[in-house]
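Should a chain be cited, it is by its letter among A, B, C and D, assigned in written order, with residues numbered from 1 in that chain.
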Amino acid sequence: METNRLEAFSDGVLAIIITIMVLELKVPHSTELAAIKPLLPILLSYVLSFIYIGIYWNNHHHLLKTVKNTNGAMMWANHHLLFWLSLLPFATAWMGENHFAAMPSAVYGGVLFMSAIAYYILQSLIIVEEGGNQSKLSRAIGTDWKGKLSPVLYVVGIGASFFRPWLAGCIYAFVAMTWMIPDVRIEKVVDESKPAARRAKPSRE
Amino acid sequence: METNRLEAFSDGVLAIIITIMVLELKVPHSTELAAIKPLLPILLSYVLSFIYIGIYWNNHHHLLKTVKNTNGAMMWANHHLLFWLSLLPFATAWMGENHFAAMPSAVYGGVLFMSAIAYYILQSLIIVEEGGNQSKLSRAIGTDWKGKLSPVLYVVGIGASFFRPWLAGCIYAFVAMTWMIPDVRIEKVVDESKPAARRAKPSRE
Amino acid sequence: METNRLEAFSDGVLAIIITIMVLELKVPHSTELAAIKPLLPILLSYVLSFIYIGIYWNNHHHLLKTVKNTNGAMMWANHHLLFWLSLLPFATAWMGENHFAAMPSAVYGGVLFMSAIAYYILQSLIIVEEGGNQSKLSRAIGTDWKGKLSPVLYVVGIGASFFRPWLAGCIYAFVAMTWMIPDVRIEKVVDESKPAARRAKPSRE
Amino acid sequence: METNRLEAFSDGVLAIIITIMVLELKVPHSTELAAIKPLLPILLSYVLSFIYIGIYWNNHHHLLKTVKNTNGAMMWANHHLLFWLSLLPFATAWMGENHFAAMPSAVYGGVLFMSAIAYYILQSLIIVEEGGNQSKLSRAIGTDWKGKLSPVLYVVGIGASFFRPWLAGCIYAFVAMTWMIPDVRIEKVVDESKPAARRAKPSRE
């Protein structure tokens, strides 16, 4: 209940971010198939960013399921995360329109890096609020190797942008792939406490 | 409860998709009625796409009513559907601005085709999760002739685009019409289990 | 519960409609106060349309409070209403940028007229579904003089556009003012059935 | 429950306002780092406005938690607040693109001033509806020094715009900082009445 509006607001912002990125696919004047060809790198960068927003939505979804009460710090940590994600459409368009050139690819990696840091801050604040190391969330994420490895790989990607831009793109895509496997860890621990409630329900009907 | 955020996020994305399409109706500089005339094919393609998003919203609404628990696969199948639908504004604008020319009409049909496939995948995943052939949803959709016929007709429409573009438009409009009849099948089966609860309610007041 | 998603989707579409209208306020290049002057008619038409969307949101809010179950016809009647309202940003921009010229003012009135008809259809469908003349909603709206007078005044406004465009604007503003008095009729009847429930609640705690 | 839709609609509008501001960050054609430099004042004004919308969302969130029943006046006071906030993207872009020039900075302050007044009206209406000086909200905000000081500082900022525009920016940033400390006053009083309910809950499980 407490997190309802935080979720609704985040859903709204993420839904708009994901959708305004498609506005960069400018409608060509020609009706030939060839007219679509220059749009392909833009489409490719759109797909990558769509997947990233999807990943953030999924993880945010799991994360907030573990929260019982919100507080001011949590709300600002959430706004902070949304701020960096809101810069993704800009970075996506710059990178896509310039065929994954060096500087735009590095800036794209920078936005991913800052978003990952912002997510980490939000997650840490929730762990503290919900009971520290003994909290469900803390046990759920365990060593959190994905959360720790991702920023490192983004930095590697940023560095790669200046030598082999296509390699940077590959690294960003690779990190996305590791995250597309949904955060089953949280899913599992959250569900642990539910079966009892579920078994109890039918008896009330 | 479990599906609340998946619905909210999908509602957000669909609401934005439906609304950004109207931005293609560029405000004319002249104030004559004639200034609106070149907008008519754009308006026509907008109406068609508005109806399609309406259909997807309705069916998505019925579909998620049958879901009790979400999982990672379901969330990605949902994102996948939203991805293809998010390309509809682009395809709509390209087709509308070019008076239903061959290639844009074919691309429009392609987006409809991929959206239908994505919907089918989501529906199949939900059936598996909710109990296979014995699930309410499975019984509700029965032979699912509309779900199976639509992709076939989209392919016919794509083919027709290159010979008689106006025919492609008619085929897409025809498919839409068959779907505007809401998915009463699911509605019926879902309602089956409710009357008891409804009768019980007044007694509690 | 049943109407949750219909409300959420409508809220989303209305929120976007109200917000994209502001995009017509193009940022001037000059930094002089005079640079804002040509924006004034656009701002004025924005204020009028903002109020109209506000009115529709309020009335839609009251309307759906009386609904217990949605059905296919209701969903399409709702989409139909959203369709006409989605054309308001276009009509608003055309009218505002042309200083309330004849044809744009008439088209603006036409969109208001069709929205009013669409709202009337939705309201009628809900009355039928919820029990006809004996339904709470039916008693609430009574003779519905505002709902019946408004379309008539819109037609008068459309006619006036071609002789005295400023008069058309005044008529649209006048109708808006009659509606800004919220639909207390529904509010009252809906509340009638609540006190009992409210009194009952504390006893359960 | 009663305020659900008012919150959902406000969340939608605020989410869109926050996101369309980022559209002003126009994608540069060059791929040099220097191409981003002219975007810095736009980014800076975006950060400031992002924080302001975040502040309004947080305070709105706390405010509506204290509301049990909505009425027409409250809904219009809420629309009125959303109207002024919807002008923030325009003011932000004008100020950012002109490197915090005099007139745009003054207009930006004017939008902040009117938003503060609109918020004050909404808050006052809620206090009256929820029981006047004895209401939870009234006790929560106490002397409301921040709510009273902010409009004064905005006026000072507007005046400063014409002599030292950078000073105006500093004043707006300073007010934002005083508000980033979340409205713990309301948080506290609202929570006062909850512990009992919370203790009661487990006993029902």
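Note that in this section a residue touches a chain if its C-beta (ideal position, glycine included) is under 8 Å from a C-beta of that chain, and two chains touch if they have at least 3 such contacts.
What you see is a predicted model, and the numbers here were worked out from it, not measured in a lab.
Student: If you take the chains that touch chain A and keep only those that also touch chain C, what is left?
Tutor: For chain A paired with chain C, the chains in contact with each are B, D, in label order.
Student: Taking all residue numbers used at the chain A/chain D interface, answer same if over half belong to both copies and different if under half do.
Tutor: different
Student: Fitting on CA atoms only, what is the rotation between the copies chain A and chain B? Please report it in degrees, nearest 5.
Tutor: Angle of rotation between the two copies: 90 degrees.
Student: Would you mind pulling out the distance in Å between where the CA atoms of chain B average out and where those of chain C do?
Tutor: Centre separation, chain B to chain C: 26 Å.
Student: List the centre-to-centre spacing of chain B and chain D in whole Å, with centres computed as mean CA coordinates.
Tutor: The computed centroid separation for chain B versus chain D comes out at 36 Å.
Student: Could you pull out the residues of chain B that touch at least 2 other chains?
Tutor: 8, 12, 15-16, 20
Student: Please name which positions on chain C make contact with chain B in the complex.
Tutor: Result: residues 5-6, 8-9, 12-13, 15-17, 20, 24, 71-73, 75-76, 79, 82-83, 86-87, 89-90, 93-94, 97-98, 101-104, 107, 196-197, 200 of chain C touch chain B.
Student: Write out the stretch or stretches of chain C touching chain D in their complex.
Tutor: These residues of chain C touch chain D: 7-8, 11-12, 14-16, 18-20, 22-23, 25, 27-28, 31-33, 36, 47, 50-51, 54, 57-58, 61, 180-184, 187, 205.
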